[in-house]
Each structure stands twice: as C-alpha cells, then as structure tokens.
Amino acid sequence: MTTVSDTVPGTDDLVLDVRDLVVEFKTGRQRVQAVSGVTFQVRRGETLGLVGESGCGKSTTGRTLVQVQPATAGTIVYRGEDLTALTGRRLRQLRTKIQMIFQDPISSLNPRRRVRDIVAEPLVIWGRGTKAERDQKVREMLEAVGIDPDSSGDRRPQEFSGGQCQRISIARALMADPELLICDEPVSALDVSVQAQILNLLADLKERFSLTMVFIAHDLAVVKTVSDRVAVMYLGKLVEVAGSDELYRQAAHPYTEALLASIPEPDPDAQELQPALSGELPSPLDPPSGCRFRTRCPYAQERCAAEEPPLREIAPGHQVACHFPLHGTPAPADQAPAPT
Amino acid sequence: MGKYFLRRSIQLVVVAFIISILAFLLVHLLPGDPSVTILGPNDTAQNRAILLKQLGLNKPLWQQYTTWLTAVFHGNLGQSYLNHESVVHILATGFPIDLELIVISQIIAFAVAIPLALFTSRRPNRPVDNVATTGTFGLLALPPFVIAPILVAVFAVGLNWFPATGFVPLTQDPWANLQHMILPSVAITFGSIAVYYRLLRSDLISTLQQDFITMARSKGLSNRRIMWRHAFRPSTFSLLAAAGVNIGGLIAGTFIVEYLFALSGIGFSLVQAVNQRDYLVVQGISLVVALAYVILQFIVDFLFTVVDPRVSRG
Amino acid sequence: MTRANEITRRTFLSRGAVAGGAVVLGGAAGGLLTGCSSSTSTTSTTSSGGKPGVGSGPPVRGGTLTVGTIAEIDGFYPPNNHWDTNGFLYANAIYDPLMAIAADGTIVPYLAQSMTPNSTYDAWTLTLRPNVKFNDGSALTSAVVKANFDALKSSLLAGPALAQITGVTVPDGMTIVYQLEAPNPYFPAGLTTQVGYVVGEAMIKQVQSGTANATPVGTGPFVYSSWQPNDHFTATRNPNYWRSGLPYLDQITFKPIPDTTQREATLRTGGVDMIISSDANTIVNFQGQSGYQLVDSRTGVLGEPTVACLMLNMVTPPTNDLTIRQALAKSLNVTVLQKLFGAGFAKPLDGIFLPGSPYYGNTGYPGYDPSAARQLVAAYKAKHGTPSLELLTVTDPYLAKVVQVVQQMWNQVGFNVSVNEIQQANLITDFVTGEFQAATLAQFGAINPDLNYVWWSTTTISPIGSIGLNFTRMDDPVIEQAMLTGRHTTDQATRVKAYQTVNDQLAQQLPYLWLNQYLFSEVAQDRVQNFDNATLPSGKPQYSFQEGIFWPAQIWLAG
Amino acid sequence: MSAVRRTRGRTLEFKDVHDGGGPLLAVEDLHTAFRTTRGTVRAVDGVSFELQAGTTLGIVGESGSGKTVLSRSIMGLLPPHDVLRSGTVHFAGHELTAMKPSELRQVWGAELSMIFQDPMTALNPVKRIGKQITESLLLHLDMDKKEAASTAVELLRSVGIPSPEERVRWYPFQLSGGMRQRVMIAIALACAPRLVLADEPTTGLDVTVQAQILDLLGDLQRERHMAVILVTHDLGVVASRADEIIVMYAGRIVERAPADTLFHDTHMPYTKALMESIPRLADPAGTRLTAIPGRPPDLIHPPKGCRFAPRCPYAQTKCLEAEPPLRTAGSPDHLFACWFPLVNGVSTAPAPVAGNGAAATTLPDGPGDTATATAQAASGGTDAAAPGSGDGPTAGGETEAEA
Amino acid sequence: MPDDRELASTHAADQLLGDRFPGMAATDELVVSRQSEALDSDDILLRRPLGILFWLALAWVAVVALAAIFANVLPLHNPNFQNYNAINQGPSFHYLLGTDDLGRDLLSRLVFGARVSLIVGFVSVAIGMAVGGTGGLVSGYLGGAVDGSLNALSFVILAYPAIVAVIAIVAFWGQSLWKITIIIGVGTIPLLFRVVRASSLSFANRDFVIAAKTMGATTPRILFREILPNVVPVALTFGLITVAGVIVIEGSLAFLGLSVKLPTPSWGNLISEGTSNGNISINPLILLWPSLCMFLLLLSINLIGDRLRQRFDIREGLL
C-alpha cells in the first residue's frame, strides 16, 4: 500500500482525471445540480475516499464515473480518454476497466440468475476464454472473495446473506480485470462485524489485483481506514481533499471537523462529544450563496455568504475550500478575524 | 398542481384526437355500408348511389372525417341513419343506465370485497381465507352470460324478488329503479368482486407486514382502527388501478347484460349500430366511450394523489 | 348483439320480405282473395277455459297493457322506416291504415269508407271516412292522404313500392283517385301495409323541415306518448278516437326484449302482460300452461306463410347444376327438420303455399331420398370432383342449429359443406350481389303471390357482383310469364293456374329448398282479454293475428 | 411538555416505580421462538435482566442475534401465530406476559413505546405526521382534537423540528431521514412513556444525523426520566450512552455489564471481537481491521456448547461441548457466559483450537458456512423483526441497514 | 432532502412522467415503487408449500389438456355427429354425459371444445405476450420517446371499445379458430404490454442492471439476460390469469356468434348453445357440463397462477 500524497506522479500514474464535473437532474420544471463542478484525480494504486452526507452528490459522482449517469458538463478522463465523449462499443469496452460495487449487495445481483453465471458474465459478454477457462476463472475468483464455488455456484443470490452477496458482487467486478474499482457505500448496509470482513477483503484484493479505488461512504472512520486520500463533499462540491491521516490530524474545513466529531467511538471514556453538526443539508434546488456550508458552519462570516471559496492548497496535497480554514493559511485577501 | 393538470389536459386532447381517427376509420373500413341496412330489399344500384350521396358517404374519407369532426366540435355527434335518433340522445339515455349499472355493480363489488379482504388478510392462509380466495376464483369463472339466466330463473321467475328485465329511470321511481338494476348489476359484479378482493387482500397482507403497522400497534391502537385507518389506504393502489381498468372495460362493455336484461344502454346500442353499419352512431359512441375511459383514468390518477400524497408531491 | 338482428324487414307495398333468414314477414297484402282457406289465425286451447285471445264477459275500461316485443321499431314515419312485426304493432296503436284485411281474407275499408275501381282496374277511387281527426286536432282529409302519398313517393325507400301509381288526384276534400300504369285488380291490398298508414300533416312538415324524430301524429286509438329506443314505447288512450267507445285501455307500452328466454321470463314475472315470439319453443313452453293464453300461427295464415328455406345460387357452381340442387333437396330429411325446428309443430312444405290455399297443389318437389342424392353427387363428382359449397347464414343461435343439421345431411350424401355465419348487413349485400352459394332465408309471407314478383323476375337479374333483387339469379321465362299472367287477370281460375305453375316450376328448378313455416306466437296473461278477436268498423271480424301482429284497440284487461 | 395523564376507560394503574425502588422492567427467562416450515427458530433463548427507571440499557449484537426479537417480545408485539413465548416480563408492577391484548393496548404507546429502525417505513406514508402524533394523544390521554393538535406541535418543537406548526401538515416523505426519525421519537414520546425501546434508531442514518438523534434521545430521556433500551449492532453507538450493556449472541445474553465495566474489563471474546471490528479514527490509514470470521449460527440447530465457539479464536474442546452459564466473576453486576473469559484483554484459554481464529480475517466461507448462511437466511428476520412483520428471508439479517 | 439514490430514481421516474399519459403513469410508478417494497414482504407465503389445491388444479388442467391433445385418439363419438334418434338424452352408458338438442354426444363435444378453448386461451396469450410482452420489456427498459409513444398507443387501444374492433375484424376477416385466436391475441397486447412494461421498468434502474452496463453488456443482452428473467415470473403469472380471462372472452364472442366456425365446438359456444331458449329449460345438461368444466378450469388456472405468484413473490398489483 502506497501513500502517494507527497509523491509527484508521472502521467502514467494518472488513472482518472475528473474536471469540473457537473451532474444535473430534472425534477419537474426545475433542474437540480447534484454535482456542481467537481475536480479530482486518482492515481494508480491509490484509494481515494469520497465522503459526505446523504444528498451531497457522492453517489452521483460515483455513477457518473462509470457513465451510467450522464454528466451534464465536465470531463472524466480515464487513461487519456474522455468517457463523457464516448459512446457505443468503445465506451462499453472501456467501462470494463472501471467497475462498481454497490451499496445494496442484494439488489446489485440479479435475483434470477445463478451465482456462477453472474460472476462469469463479464467474460461471457466479451467472449473471453473457453467455457472451461471461464469456469476456472470463476472458481478462482469466488475463492478469492471467500465464497466456496462448489457449494455456491449454482445457488441464487437470495440464498446468501448481505455480506456474502457483497463478496459475490466483488468477485464479479474483478472478473472484468478492472483497473479502477468504484465502491459506492459498499459496507454501509452491513453489520459492523461483516463490514470489517468486507473492508479487509477489499484491502487484500486491492493489493492482489493492483487495483485503484474510489471508495464512497458517509462514515469518515470507514473511509479513512481504507483510503490514501480522502475527498470530502458537501452539497455537490468538494470542500476538502487531503491524505487520510492528514485529514484526521488536521482537518481544515469546519465541515470535515464536524464529520469527524460525529463518529461514535466505541469507548465510554471518549471525550464528551462536541456538539454534532446541527441542522440539515440545504436543498440543492436552492443552494446557499457563497460557501454552501455557511448555513451550518459555526465559524461563518459575512464573506462566506458573499464569496464562494475556491478549492485551494493549504499544504502539499491538502486542499480546502474555505475562507477561514481551521489549519493552514487563511484564504488570501483575508482580513476577517481568524476563527476561534 | 395546475401545470400538472394542464399537461394532462393537453395529453387528453391528443389521445382524444387519435381516438377520433380510430373511431372514424374502423367503421369505415368495415365491409358493407349503411345504405344496405337503410334500403334493405329496396337496394338497387341507383338507390344506393343516391342514398350515399344524401348521407355524404360518397365523399373522400378525409372529407367525411373533417366534416364529422367539425360537427363534433359543435357538440353535434350526428344522428342514426336508421332511426334518426340523435347520437347525443342515445348517449343521454344510455349513459345513465350504464353509469348506474357500473355504480351499483361496483358498490356491490367493493362492499363485498373490502370487508372480506380486511377480514381475511389478518389471518392469511387460514381456512376462512382459503375458502374466500377459492370462492372468489370461482366467481371469476362465471361470465355474465351464464350468471344472468340463472339469476333470472332463481330470483325473478323462481322467487319473484326482482323483475326479470327492463329499466325504470331513477328519477321516476328510485325504488323500482333499484329493483330493476340489481340483477344486471349482480351479473357483472362477480368478476369485479374476485379481482378486487384478491388485489386488496394481497396488498393488505403486504401492508400489514410493514413497520408502520407494527408502529401503529405499538401505539396501542385497536385492530379495527389499524385496519381501517392505517392499513387500508396504503393498500388501495392496486385496487384503484384495477378498478380503473375494470370500470373502463365496463363502459360499453356491458352489452351482453344489456341485451339479456333489455336495457337500452350504450353498449347494446353500440353493438347494434356496428352490426347495422350505422356509422355516425358507432363513431359517436366510440368517441364518447373512449373519452369516458380517458377521463376515468384521469380520475383514477387523481385518486392516486388522494390516496398517496407522494404521487403528486413526490 | 346478433340476436337483435331479428330486426326484420317488412316492407312497402308490393314487396315480400327478405331477411337473412330470421323472421321476416311479408306484411304485404295483396288483393285476393277468395278462397283463402285459412280462417283467421289459429288458436289453441287454454287451461283457463274459453278461447285464448277472445274476451269473455263485458269489456272493461282502463288499465295499461305492457307488451314484450322481439325487437325495436326503427321509427314511426312510414316513408322513412321499415316496419317489421314490431313496427306494425306500434303503428296499429297510433295510426290507422286506409284498408284492412278481414278474417275471411277480403280487403275492406278501414280509415277509408270505400274504395272502388274503374272498369279497367287502372284507376281506384277512395273515399275517406268522415269526421276523423288526428290527435293534434286536424281533420283527416284527402289533402292529408295526398301529402302522405307525395312523401312516400319521393322517398328512396318507399318510392319504388309505389311505382305502379302514375298519379293521385284529389277531386274533393274526402276523395282520392289513384291512377295506375297498368290494371291491378288487387291494388287495395297495398293500402293495408306501411304505405297505407296515414300520418298527420304536422308530422310530415316536421320531417321535411329536418326534425329528426318527428312526433308521430295519427288517427289511431292511442296517442304517442314517449319512445326510448331499445327501452320502451308508450302510447296513451286517444279520447277522441273515431271508433266510439274504443280503445278500452288507458295506455299501451311496448318493451323490446330481444332475448326470448328473458322475454318469457319477464312475462312469467309479470314484467309484461303479453309477449310476441317467433321462436317455436315459446309454443312448447306455454302450451297448456295455466294462467297464460297462447295464440300462434300453426294452423295457417292468410295467403303465403313466411317460410324458412335455403336459397341456392343458380349461376355459381356447383349449385348452378340442377342435379346438384336436386341432390341437395333429396338429402334433406324434412321429417327430422320438422322435429328439430318446428318444435314438432311446423308443417312440411313442398312449395310456397300451404295446403288449403287455392294455389296449393302437388308440385313434385323432391322428397327425402338420400340414395338418389348420393348417386347424383357421385355422378357430379366423377366429372367435376367433390362438390363443395358454403352455407351462408346470419349470426343467430336458431339458424346456427339449422345450418349444422343441414350441413350434416348434405355432407352425408357426399357434399363438402362449410357454414359461415355473418352479420345481417353483410348478408344482404351478399344476397343482392349474388355472392353466395347457399344461404338461409326466411321470406315470402304475402297474401298475394304477386308481391313476390321481384324476387323471381327475369327483369331483376344482375350479374354476380352487381345489385339485383333476383338473389338466386334464376332466369326462368316460365315463371316470369306465369307471374305476369297472375298479376293482370281478374279471373280466379287463371290466377290459380298461373301460381300453381310458378309453384311447380320452383319445385323443378329448385332455387329454394323448403324447410318449414315460420311460427309466430303471442302469449298473454289470462287477464289480457280479446287480443285476438278484433272486429272491423263494419262489425265484421278482422284478420287480427297476422303473424305476430295484433290490433290493440279492442283489448281490455280483466279486473 | 409534560402531558397531564388522564384516565378514561383505563383499567390499569401503574406504580410510580422510580421512587419506590424495584426495577421498572424485569425480564425473566424469556424465550421466543418462531415456527417455520424448516423448524423452530429459537430467536430469544432464555433471557433475564432488569432495568431501573430512568436508565439506559444497550442491547448489542450482530444481525441474527435475537436482539430485535427480544425488544418486541418484551413489548409483546409479536405476530399472532406461529410464535412461542415463555418466561415473564414485569413492567411497572404488571406482568405484561399475562395481559390480554386489550390491556396491552393500554400500555403500548402510553407507558411503553417503541422507536423503529427505519423511519421511512415505520411512519405511515399516507398520513400527515401531525395525525400520526395526535393519534396516541387522543387515544391515551383523552385530549380533545384541538389540544392534541397543539400538543403535537409542541412535541415536534421539542424534538428539534423547525417550524413545527407547518410541519404537522407534512407527510413523512417530505422530510429527510433525520427529521423523520425525530418525528418517530416525538410519536414514541407523545404520551410520556416510562420506557422507550429504540431498535437500531440510527442505523439507516448518516453519522452526522446519528449523533444528533442520539443526543436528542439522551436529552429527552434526562428531561423526562425515561428508561431507554437501545438496540444496535454497533457498540460505538451505545458506548457513551448506555448505563448498562447487554451483548447478545444467538438468542442469548453472553455478557452484561455496566458500560464502563464492559469496555474496560471485557470478559467475552465475542464482545471484544465486536469492539475490534469497528474502524477507529485514531488508527492510521490502512490499518487492518479485526473481523469476526464466519457468521452467527443457525438458530434452528444451534451448535452444542458455547454458541460462539465455532468463531471464537480461543475456543477449547470444552467450549464445543458444554454450554457456559451466565455467571459473574469479581464484580456482581458483570455477567458473562464464557468458560475461558478474557482478563485484561487476554484470554485465559490454554491455546486456540486449530481451525478457529481471527487470524484468518478473510477466512473463506467454506461449504459448511454457506449452509449456515442459508439457514440463517431462512430463519430470516428473526432479528430485525419477527416473521410476518418485517423483512424476508432474502434479506437475511442485513435488512436492518437497508434503509 | 433526498439522497443521491433517491435523486437518481426521482430522475428516472421523472423521465417517465415526462412522457406519461393520463391513467398510465401513476399506476406504473406505484407498481414500481410498491413492487420493490414488496420484495421483502410475503415471506410467510413464500415458504408455504404449494398445497393440495394446487396439485388438484394442476391435475385438472393436465386432464383437460391431455384430453384436448388426444381427443382424436380417445374412444369418443364424433363430436359433430347428430344422432336424431338420441336428442336431449340424459347420461347413459352410451352417452356418458348425455346428448344435446341435435343428438350430439356432449362428452366428445366437451373434449373437442376443450381443444378450441385451450388453443384460443394459450395461443392468443402467447401472441399477446410475444408482441406486447416484448414491447413492454423494451419500452420499460429504454424509456424515453419510444416508451412514451408505445404507452400512449396502448392507452388509446385500451380506451377504444373493444367490441367494435372485434366485430369489425371478424366481419372483415371471417371466422376460424386461428383468426379468432389472433384477434383475441392482438386484443391482449396492450394489457400485457402494460404489465410487462411496469415490471421491466421496476428493474430498469436496479443496481444489477447498472452493474451489467459497467461490464459492457449491450442493451439487448441486458434486456434478455438481466431484465427478462425477472420479468418472466410476472409475465407468466399474469399470462395464466389472462388465459383464464381469454377463455371467458371466447365464450362471450361465441355468445355473440363471433367465435369459431360452426359446428366446431368450443366451451364458449357450448355454453352459448346451452343458454339458448328451450335448452335451458329442456336440457340444462348442455349448459351444465361446459359451465362446470370451464368453472373448474378457470378456477384451476387462477389457483395455479396465484400459487406461482406467491412462489415468485409478485404483487397482484402488477396484474
């Protein structure tokens, strides 16, 4: 596992380059921006965590990366090719390089098909290998995720628990020999005990198959455990991007801080929790002016309402979109008092 | 909400327009023409030509269509070639009968199906439920044309509880009206009962397994209150949708019953008119029936929003 | 609803009826008629004692009679509508005809006071009954009758029926003179039919001004009250009816109940007081039943009865071959047919006349002889292959049975028969264009054989595909000649000979295969009095049960 | 907002226990089993505990441990058939297990109420939230409509819903998940119950909202001196919020202790494993989690001996053969069911039995394991809900989190 | 605030709404949402054994089907042969169920009639399913303009009084077993279209479909490998119930004289013959036997369909 926050990667290392991604939905007459101009890169071998509350646009971003949700604007460049500009066979081909693990393990498997067929599907679609070769690979992959191919291959997803379904779905994703794995809340529907199993499995597989991952979750503790870098999203925008440990040590954005504070510690002696984040995510139909977080930010100033803070680097590999970050240098042209 | 209805209304107009073309074309493509039935044995080549001209049927189809449509826009659906009754009048006298048939049969259907479903769904797959379910399947297997003669033989001729045929307008004598409508309504209600009961029962069983029912129980509410106030409404979607389709089918679909009970409903008039190639009657009734169907679905849609606020606001 | 297609086509002056097979009634009457053997309609006994349909005790005033009819009338305006049995029932309630048929078959004045021909029978002078008023208060005058005539004449529907009338003059307020193109000794019979019914001028004006459903204005015993097609027709007592003391009833209502079973059930439940039926089973169901009076047409009708027959195309193969037609005729087991379809009541036929008619005679119509039929088919088969043909009928449960039996009988001698049920509207088209091989037909009910001229005349033949009223395309100069002879002579012996010739020739040529007489019946509850016992204004007995049609003025309800 | 309790048609009187000593709730040897076509699922298998008024009890366990069934059994909120329940539940001086349905209905919602996991499904989707609150007010507190309506507004305000006057007219779907859960709390607390059973109240929620909701519940509890039973699969949730914690496994209590004691002197290997499987912020990125291998056992045929033994890293032959009783060692309020309890985080077991162990964290699910999984799936909603009142077999134990 | 997932599905639903027509949309939408709710509901039913009734029902359908298939080789009288010496006879050794008013053997007419009823029932539904089902599958998945117009079309067809169309087509085209089958089959298209479409729609945005997309599956592959297997149970169950409905419809058409050509028996026209005047009072057996058989068949088909529905856990709301 490499920590890449401070390395200067060559272009070969750049797996995914997302720029100014905007995703809009139509609801009735209105258009809602679920993602409003998100830019990030994912380098080879890296795990990027994407974290935020429900409705912040993190899952939409994930779906847009695999192009099952069209982007309204912006580019998603995978290995030099802009996915948003592709269609037809080339898109289908390229998609196999980017696979997705879903939140609901049960609904991500076709309930009417056998496990063996589900897992073999990527090979069948592309006509890779003979039947025997495919069977062999299915066996290997099922074993790799901890499912017994002999007793399970002919069963259907209903007969498995959530954790096992998630394993099967991981096996399927890996069959396509992907380079990039988008994990969309893969453990939030699971018990903590099972969650640990799956997280460990993903870590192992990542190493074994040299994967790059985008890991989406609402629980910062989970994200941090598995990620090299973490991007925090709020209401369609990135508010902070930093290396995992850096983020925990020195969260610069008040929102990140609030997220961290909300995580329950399995320790009765843990510090009396800081007041958790109050209020609710504003409606994306009518996002607040300036900084979108200002309505819930304990440190909000006038400037926050007037001016939208850009994502800027406050330390190497640590970006934040805040006029008054908790760490690092305040935004330039800042005359306001520092937060207390 | 206003815009929603506006959009719906525009769609309604489009559908109506397509239906008007369909209604027009289909009868005109039929072999045979009204002059045959009008002239009957006086049918001679000259007579037929003159008559077709008199009726305007010698003109090109599109011209006939536009003429018809223009008249329709002025509220004039034309008149029967044969008995010269105006289509509007046929509808005005026939529709109330069908409406009453439908309303009574549906009231019976709901009155039987709803309590039965509420009762059996609390104890699914117990003997009472099995009997009720099997019984309603049985009802599905009894089409009106079998039921009707049996009903008449038993309840009219045998027991003399109801008149065998005929119709008395509601305005004239409500009680006699009801007596006349009971048997025909019952004859068409059997299928409805079966469908409604089954849908409601199955939806209720699902609803009763929902958390909010457990929640309602945990509040200490009585079973009766839970069934009526909590379980019933969220379980009526399928019922409503089915009722929409079913009632839609009954508009002009009750001709067998109308025929057997000598009711001058529009279904019977329609069938008679098709058989006689009474174009304007067929066109007019088809158009109005189809519009009634569309409006019915409109109402059903509206009821969906009443039953479940998520539909209109979600 | 196909059964509703028992709507039958009764027509104008000189037309017999056609119908796809179901009932049709030749309402027409012809002049005739001496010697028509049958008295009036027949009656059967009833359990309640007394003669069914004949009132016992003194007439009672008041009450409403409700009659269940077979089908709906298509309107009340003679120039524009076709009246079948029901049509005439309704018409008899609100209108009066100029002439009527007496029980002995003679044509007698009704709304007319007298009708006399000139010596050459090509001009007829009709004098109207005085002091007759329409229900709108207007008087019956020759001008009104003329107006009726003009409307009829200009009607596409009725006009052809009046073709023989070249002119009508009105010498005075009560006299009308009809000029005919050729002598017609039997002209008054025509005025007993639809064209003889007189409507008030107000109604004619209404129709001509474009009112679709003009309010009927008549001189009849009842006054039009309301009509809702397919539901009911109601007429109330005409207090100023010219036949004083009549009618007895306050009101009469007709309710069409197309399904026979339901109609009978409605009678049994008291929903109606009386029903009309053309289904022989009604006779079975009500014969001898206490509480009901049954009157039916079993023992004969005046003139030709309405007969059920099979019509064969004389032009299209294989039925253009006489031997085939003979084979078809010889393979029909008439006894079985009688048993199955006349409910055992209908009489076997060998022509268009019943025994008792002056024109009846042994026609030599082929009897049931399956082995002969088989031989004929075999001979044909040797030359042309298996004769196959389609038997056309109109959708109707009763006819469905008929065609299936016929199909089996024909198939048993070597034919390959398929049956095809189509709708009335299509069937008539097929008939007039000759696009059929064999078809069911109910036709010919007429008092005067001359009325059927158009169906058999060589002048009405058209090629297949074009319209012609000689459906079978029978091109027979012998029949043509005999029909013309019958039309023009006043000599009864010549007439008898002429029509016997026609009957014989039909049996030779076999354009029609006779099945049975059509049986009409009326069933009434016991309290309905005198529905089959009408008398004419002169006091003479009237032909009061004319194949399902009755006269309502003299009916009363027993207390 | 202290509602004045009135007593129309009420036949039960409840002792004011929090002054008079004695536990508010006493559960004794409670068994709950479901008859299924495959056999009898013993979802709760001999559970006893007591709860003092105004305190919080955390019940923790994996899916399929029986924790949800336990909470429903306590209330008596079970499906009408195919359920076997024995043992007694005393609540505020009354034996709930002996009550007729009509009597239970007087207790439910008034003295004893419940908060459900998924507020989306637990709120009636087609009724305005105001109505859903006033319903129990009208039923139990004999209020008139107007009074109930204003009380509902107050309740919404007290659970932190902005502009409650307006929100009473809203439908559940118009609210966010957190807001819905607040509404549910308002409903549960409407009649000022003495005990609230909260079944995974925050599982479907974001962590930020979870914190808010738990804080709210804590505040209200203190304010009203309610007892709360908090059922969850996440030890982190109850760590700082419960006075006492019960850890359940396979239908039984395996450890029960005051919260501090439990965390600082964990005796059960299972409890420890549960704690260790939680990712902690303090751990550096890329830290490997300690997962519990395998799955909870089939409750139709539970394993002989210690039910956790097949998954226990320290299991001995004895563990596989004899079932450990729930016992105390040292402190009397710390109970556990283990032959070889941990002492200061170290097992007292001689040596692990081969084949078991947390060492293989990515232990493949062997054939037997699959069978277990299937069986588990079949016994299904035993945890999240009793059969017939919740999730299906396909969902297994995980449905709880499917929100 | 809806979460991402909700937004996505709102979006999908909204695409539908954009093209929806009165009467269709709300139903579909609800069906979709309810179906997903239902997935974890019916568990008690799901695990129930099929039950004795199911097997009895299946046995009856099998008996009818076998009799219909082997009608020609069974030792039966000619169903169309009229024995004029044995009219309206009661059951006897020679005529096990008696004879009708033309002296035909009721048993063999019943057996041969079953053939027609079953062909009309099953084949017409097969036609409806092939066209309407396929259309619904594709339409529901693709959405958009295609879906909008197909949906509107099906709506228009449903709105138009069916009897006019039937009479028109029969008049135009004539009567025969196959034509009637096709006409009824065509009539079932919009209904089956709607049901399958709703079902297809409910799966169109499931995660496993998205997964298939990310694996590079083509649209046809997704339709037939991912969606179809899920739609099949719904289609089958609804199809069975439609079969029952169609058999009744054939009866109604026979009542109107619009069904198969004479003298071919079908249960519908046997019943129709049985209700004709005279027969109902003189020989009620003509009505009784086919009614009884039809009653039992429809009961059986419905029971089988219902049990299968429970097995596959399909909401009746879809039907």
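The chains carry the letters A, B, C, D and E, assigned in the order they are written, with residues numbered from 1 in each.
Here is the rule we use: a residue touches a chain if its C-beta (ideal position, glycine included) is under 8 Å from a C-beta of that chain, and two chains touch if they have at least 3 such contacts.
All of these numbers come straight from a predicted model, not from anything done at the bench.
Q: Quick check on the contact network: minimum steps from subunit B to subunit C?
A: The fewest touching-chain steps linking subunit B to subunit C number 1.
Q: Could you tell me which chains are in contact with subunit A and with subunit B alike?
A: D, E
Q: Farthest from subunit A by Cα centre, which chain is it? Let me know.
A: C
Q: Could you please state the distance in Å, as a whole number, between where the Cα atoms of subunit A are centred and where those of subunit E are centred?
A: Measuring from centre to centre gives 47 Å for this pair.
Q: Hey, how far is the Cα centre of subunit C from the one of subunit D, in Å?
A: So the centre of subunit C lies 89 Å away from the centre of subunit D.
Q: Multi-chain contacts in subunit D: which residues touch at least two other chains?
A: 176-177, 388, 390, 393-395
Q: Spell out, as numbers or ranges, the residues of subunit B touching 2 or more other chains.
A: In subunit B, 31-32, 149, 153, 209-210, 255-256, 271, 275, 308, 314 touch at least two other chains.
Q: By residue number and range, which residues of subunit E touch two or more other chains?
A: 1, 3, 10, 41-42, 44, 48, 167, 171, 256, 272, 275, 280
Q: Show me the residue ranges of subunit A that touch subunit D in the complex, using the header's touch definition.
A: 1, 3, 53-55, 104-106, 111, 143, 146-148, 150-152, 155, 157-164, 167, 188-197, 199-201, 203-204, 218-222, 224-228, 243-245, 248, 258-270, 272-273, 276-278, 280-281
Q: Of all residues in subunit E, which touch subunit A in the complex?
A: 1-5, 7-8, 10-11, 14-15, 18, 206-208, 210-218, 221, 225-226, 229-230, 232
Q: If you look only at subunit E, which of its residues touch subunit C in the complex?
A: 80-82, 84, 87, 101-102, 167, 171, 174-175, 256-258, 261-263, 272-273, 275-278, 280-282
Q: For subunit D, which residues are in contact with subunit B within the complex?
A: Where subunit D meets subunit B, its residues are 72, 75, 77, 80-81, 104-110, 113-114, 116-118, 121-127, 135-136, 139-140, 171, 173-174, 184, 187, 385, 388-390.
Q: In the complex of these two chains, what residues of subunit B are touching subunit C?
A: It comes out as residues 31-32, 36-45, 47-48, 50-51, 54, 79, 82-86, 90, 93, 148-149, 152-153, 156-157, 160, 163-167, 255-256, 259-264, 268-269, 271-272, 275-277.
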